[in-house]
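Okay, structure first, notes after.
We call the chains A, B, C and D, going by the order they appear; numbering starts again at 1 in every chain.
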Amino acid sequence: MLSLLWLIPALPAAGFVLLVLLNRRLGRAGAAWIGAGSVGLSMLAALLVCGSFIVSPPAGDACRQVLWTWMDVAGFTPAIGFYLDAVSVVWVLVITVVGFLIHLYSTEHMEHDEGFTRFFTYLNLFVFSMLVLVLADNLLLLYLGWEGVGLCSYLLIAFWQKDPQNVYSGRKAFIVTRVGDTALIAGLFLLLTQLGTLEIQPLLRAAEQTWAPDSTVAVVAALLILGGAVGKSAQVPLQTWLPDAMAGPSPVSALIHAATMVTAGVYLIARTTPLFELAGDARLAVALVGIVTLLIAGFSALVQHDLKRALAYSTISQIGYMILALGVSGWEAGVFHFGTHAFFKALLFLGAGVVIEALAGEHDIFKMGGLARKLPAVFVTFTVGAAALAALPFVTNGFYSKDLVISTTLGTADGNVWLYVGSILGAFVTTLYSFRLVWVVFFGEAHTEVTRRPRWRQTMPLWVLAVFSIITGFLWLPAWIGAFHPLEDFLDTALPPIEWTGRYAHFAESAGAAFVIILIVYGGIFLSYLLWVPWRRGTHAFAASPVVRPLAAFWLGGWGFDWLYERVFVRPVKWFAHWARHDLVDYVVDGIAWVNLAGWRTLSAGQTGRLRSYVAVAGFGVVLVLAVVVLR
Amino acid sequence: MTVTWGDLLTVSPLIALTLAAVAVMLAAAFFRSHALALGITLGGLAAAFGTLFVAASRAERDVTPLVRMDAYALLFIGLLAAAAAVVVLFSWGYLDRFRVHPEEYYVLLLTATLGGATLAASTHFASFFLGLEILSVSLYGLIVYAVYRDEAVEAAVKYLVLAGATSAFLVFGMALVYAQTGTMTAAGVSDLVAGLGDDVVATIGLVMLLVGIGFKLAVVPFHMWTPDVYEGAPAPVTAYVATVSKGAVFALLLRFLLPVSSDQGSTVFLALTAVAIASMVAGNLLALRQDNVKRILAYSSIAHLGYLLVAFLATGERAGLAVGFYLIAYFATTLAAFGVVTVLSPPDRDADRIDDYRGLGSRRPVPAAVFTVVLLSLAGMPLTMGFIGKFVIVTAGSGAALWAMVIVLVATSTIGLYYYTRLIVAMYVRRRDEAGPAATPLPAAPGGTLGVSVLGVLTLFLLVFGVYPQPLLRLVEHAVSVLPWP
Amino acid sequence: MASVSLEHALILAAILFAIGFAGLLTRRNLIVVLACIEIMLNAAGLAFVAAGARWGQADGQVMFLFVLAMAGAEVAVGLAIAIRFRQSLKGLDVDDADRMRG
Amino acid sequence: MILLWYILIPAVAAPLAWLAGRRSEVAARWIAVAGTAAPLALVAGQWIAAAGTLGETFAASGPGAAGLVAGSWIADLKTAWIESLGISFFLAADGLTLIMLLLTFALGLLAVLCSWRGITQRVGVFHLMVLWTVAGLAGVFLALDLFLFYFFFEMMLIPMYFLIAVWGHERRIYSAIKFFIFTQVSGLLMLVAIIALVFIHGRETGVYTFDFTQLLGTPMAASTAFLLMLGFFAAFAVKLPAWPLHTWLPDAHTDAPTAGSVLLAGVLIKIGAYGMLRFMVPLFPGAVAEFRTWALVLGVVGVIYGAVLAYAQSDMKRLVAYTSVSHMGFVLIGVFAWNELALQGVILQLVCHALSTGALFILVGGLQDRIHTRDLGKMGGLWQVAPRMGGTAMFFAMASLGLPGLGNFVAEFLILAGVWQVSEWAAVLGAVGLVFATVYALWMMQRAFQGEETHGLRFADLTKIETGIFASMIAALVLLGFWPQPLITTARQTVDGLQRMTAQSALAQPADPGEAAAAAAETETAGGDEGGAP
């Protein structure tokens, strides 16, 4: 079964090629069948392969499949080869399952769009790239997938390309992530030069053997990789692209900008765990990035009017949790939160997509309202998603994963109180904005007419994801509930287990810590009820108060990052480009030409046609030479 | 110092030219026949060319102290005669359109060639001076031959006065040299140059001598006449002035002043360096935006003589090879260039405005193609002799480590590209900004089949030896090897 | 009677030459210009004679004869051209001959 | 003898095309197709026949410098030419030559094909010029006598000049002369350097020869070598073009007809890289090592400057032209890194850049034929009008920004990985250049193809010929992206020879990362507590 590994990425690739080649000749139905079908088959292949992997793990708890040698230069021989272990299994399953559901959803969501075929072409390419990313057995191939998903992200954000604003958002996403990619590729150069290979497992072993813990080279390498992760996963300081990325269709936001691509950074760090284990400073940087991001984005999410932007900031914030977990050596906690987040965030976006579609493209949550009765299925599933996001205790997967993440920030050797407090605060904010959306969108009176209701291809994925958003949490129950943690056991085969060795480890692992979170969550829900439930008008006064208003505006604009970058990076480059557009060097060239022309003008004016001036010139020359002769 | 029959046989090329000149003169006295004059002229030139082989078969020798018929002299006499023959062929169609009798033209042409040939073989001040003056005086007549053209008269006056004045410099210089050395032979001058030291009078003499040579070569600062004379003279005569008179003098320069290059610190050397550099710069710059084709060619010839001086100043046989080959290339190219002008010229004026050449590529494809090859050769582009010529000159200059001159050569020859390609563009490219009434197209020149076929031969020559120059290089190598290289 | 040394003769020749050249620079009448050239040529001839005298050879005088002959030829052609010049430019001012320039 | 055919076939086909063109334009086109396709087939044949041996590397002890050159030939031809000056007619081909020849003829063929509709004036002469350019290019890549090299180097300028000046666009005369002058000045500097080298060699040995193999290893003072190297560098840096000698390129590319741009961008500027690889570095390895820092600076500046200026352009063709400046900056730093990774990357970059930029030029040319403008401000929303064209443009825009999966990425990765071993900063800044590449590529796409179509432009999508051209180029780039090995193997022997030729100089360094790692491991072990050998 494991030998079918290559089929998992190959099927969407085949779908992509078919869609490109056949293009118009396929009708909408054909495109839908190929687009969704290829991913569905890929999902089946993934289920088969991963199933067999889980049931009967191969020797060494990993398997590698090399298709061909990519290139062979100077001892550098990266392969087109795939590597499957527990970490990649988690990602592959999420990608293919969520991917298929979203494809299915899209066949209905996009049914009237003129770029229907193009949409599935891009989407298939994305799934292929994402699978390559997580299956790659070497960093170069990983980078291929990495850039591939970046491309698809750009293409899909800019999918409705008639509106220049959408295209701008796509470009922004691509360019900002590429800044991070520059760091990543520099890291690749460093690793290649120092360790002589990019094949991940030998590379990690070599790093462990040759690099002393906390040596500069290890820290630099880890930081460069973090740079890549920060870009792709929309972390501070490169988070600014993701809110704008919501210009794309909702399924895209769900698949790419919530469930899968944006977690590539998490995957990358998890994949290169041994490197980060060697580099304590880099881990600290990771943790700081995570905590700062989750707070900044959380507060921004609190004040958004645009449903999808709010979710986008929430995504940034939740990935911040994952990164934070990785930073405090809670590797498995990060992966767990990725898994749960993928389901509930995809669910939220798909729900949001239905809502927006139903309201004829309305994004502003304050123009929605009262949808609980008009779109009951969406209401129920969306609320499940929001509850999971808010970590509603016991019944949602978000509770278990976030609880684990927060515990690790206190419980591991890398953890500390500040991180813990920060993450608790983040959890509180998360609860606030999650339920703010529920209250504002689904309750109160309707501001906009519902013009369309979802059919089964849209509702079915919602229900499936809602179910996943509940049950996947039970894969890893905390110790104080019961000793059921198959996911942890599974991840232990590939990642270092969480070591509860921190100063407050005992408390962190206990029910007491969980109780704090439970308290926070309920408190948050209650406060959000007070603030935003539509029939409580008093809150508007609060929102309009002179203290809150500027703060809200600041948060709404994403803490001024865009403002700053515009002035520090974008404008200077634009200014220089505009100033130099006729090529500065050409001024030199023109200058030389001008000198020649001036020479011509002068000399030519000397050709007066008068005989005596000719004689004079000759005489002058002779006299000059004779003078030299005599005086020398 | 008796002259034997053998000596006469050796100088038979010169005699042939003399006899031909007399014959044409006499013939013209009896029959006013253009064809006859042309025939005799060509016959004379052919005889001169043919007798070269007779002379070549004999051991090289001095015929009196005045001339020396060695391989070097023979090469140049052959070159001059061939060039003269080409000019004659171009003149046929051109002179037919003249409003004056054409016969005496050929007399002057033959005597001028005789003067040039004498210069090439000269080893003595007397023959030097005689040859130069025969050449000059004949040229006065040739330049002003179309007496009814105001430009021709103006050109002739300028040439006459300047030539006369520089002749005076020349003779005065000769006198000074003679006063210091007591000898007037080339060998004596060479010795003088080699051991010049700081003999002020002799150096002054040499410099004045060089004035005369410099004028004929039209190098800076004696170049001012060139554009006016080129423009004013009839096109075939211009071709002649540009080639034969310069080539002959350059041949002489090599024979008399070879050792100049052996002392790179001497005043004469420095003066010549300055002249070379100034010629390259001024020649190329002056042509830059010039609109008269003949003037462009005039200015470009100044630059080319500058290049030649670089080769001259580089010592050694490699320099001789460069000079010889470049001169041949320059002859062929220049003759073809003015040949094109000749062929295109209507009866009343010469086709020398750049506007005359606009769209030539479609109107007269063959002359246009020839002119293109010519211009590329002047620019030193591959597949033409000009390329090999430039290459041998750079080789010579680099071999002698004359870096300043080589760099100037490189830089200025690039300026050359600008105006050569400007002409090419004019012939082939339709300008979109030509909205106004286009320049009146040149009236079709009558006849010209002969001229065009000669052009074809010249082009072939340029191309064949541009790709496979080995035979010519051998020939020149052999010729220059007889010079007394230091 | 002190003999005339080579230097004296050469200096005289040089002065003559300079006079001729100065005339060339300052005079505008074509005929006078031609005359100036004659002066320069004769100055050169004088120098030759003096040089020949220094070495006791006839060569210098022979050269003088050549110079004389050539000067004559030159003037002959020159005057002929001067006639055409006058017809063409309605005068003999050489400065008027500047139709071709640039 | 087969080497001569590579030059002769297009050279002879040229006048035939011209003659045929006077009667029938289609005949001229077909002759031109034959004149490029036939040698293309021949090279392909020779490539396949030689495939077995090209990947071998030299024995560790290795032959001498000349032997290293000669050792990798698969064919050569040497006859007397101008003995008086020590010049011979000396052609030889190794793996690198084959790659360059393949590129030349393939792009020559594409140039003919893409002019099928666009060129309607003086069709015969046009193909004469195209074929002569191709013949000259083939000569450049085959010549191993320095004079012969220079001969071809200059020769192909003429037809290219005519292509630009006669069939070009708005400022064609200015651009053509600028191109001509830049190349000529720098070429002459190289000529002077060549001649000086010959003389130095001649004084040393008494043999005056322009034979490259004999001139290798000529002993000379370091300062002399540096000056001579600069002479070569000038010529190749202009061709490449390296900043700040690049300004001819945007003009020439912009105003050239499509075929001219394709040949310029595809092959002509590759001469710069080829010349550095083949001649400059092996002749003056010490001087090159001395110059390395400066060259890296020039290269990096070129990468970023080119990309930023590309972004600033509103003429689409000019934009594409500036991307060439940027991409050739990579080639420059790659050459001066001079290790196997970088060199293989450089060679790959030559091929991939030719394909990607060539395709963009064909695309812009196609657009111009349809809407009669190249001004991005007058485009917008063209995807709606011509979706296939939009998709194609997107593909090549991605190639140009170095998207993995396409050949350009492999090339740029290898180059930068090689450069990293020499200078981390150059590699990082080069990688930053790729960010700017993203900026201009996406900006171009937005301005031309995305957004709303507001100018009322309606035109036909890609024709069959165009579809064929683009499909083949896309296929080639994807193939090279996922399996560049055939090219790498082909060039391996050459690269190995080049490396060994300079092994004694300051240029030499650990040959591959594996060794570097082993060395690092050794030092690590030595410094560690464990005394035992690994």
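Throughout what follows, a residue touches a chain if its C-beta (ideal position, glycine included) is under 8 Å from a C-beta of that chain, and two chains touch if they have at least 3 such contacts.
Please read all numbers here as calculations on a predicted model, not as lab measurements.
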Next item on the list: From the Cα centroids, identify the chain that ends up most central relative to all protein Cα atoms.
Entry: D
Notebook entry, point to check: Count the touching C-beta pairs: is B-D or A-D ahead?
Noted result: A-D
Item checked: Distance between chain centroids, defined by C-alpha means - chain C, chain D (Å) -> 65
Checklist line | Between chain B and chain D, centroid-to-centroid distance (C-alpha), Å | finding: 43
Notebook entry, point to check: If you average the CA atoms of chain A and of chain D, how many Å lie between those two points?
Noted result: 37
Check: Centre to centre, by mean C-alpha position, how many angstrom separate chain A and chain B?
Finding: 78
Note to self: Counting only residues that touch at least two other chains, what does the list for chain A look like?
What the structure shows: 604, 607, 609, 611, 615
Next item on the list: For chain C, write out the residues touching at least two other chains, lowest number first.
Entry: 21, 24, 33, 94, 97, 99-102
Margin query: Give the residues of chain B touching no fewer than two other chains, as numbers and ranges.
Written below: 157-158, 161, 165, 169, 227-228, 290
Checklist line | Touching pairs - complete list by chain label | finding: A-B, A-C, A-D, B-C, B-D
Next item on the list: Note which residues of chain D are touching chain B in the complex, please.
Entry: 80-85, 147, 151-152, 154-155, 157-158, 161-162, 165-166, 170, 172-173, 176-177, 180-181, 184-185, 188-189, 191-192, 195-196, 199
Margin query: Give the list of chain A residues in touch with chain B in this complex.
Written below: 596-597, 599-600, 603-604, 606-607, 609, 611, 613-615, 617-618, 620-622, 625-626, 628-630, 632
Notebook entry, point to check: Which of the residues in chain C end up touching chain A in this complex?
Noted result: 21, 24-26, 28, 33, 94-95, 97-102
Check: Once bound in the complex, which stretches of chain C touch chain B?
Finding: 6, 10, 13, 17, 20-21, 24, 30, 33-34, 37, 40-41, 43-45, 47-48, 50-52, 54-55, 57, 59-60, 62-63, 66-67, 70, 73-74, 77-78, 81-82, 84-85, 88-89, 94, 97, 99-102
Item checked: For the chain A and chain C complex, residues of the former touching the latter -> 604, 607-612, 615-616, 619
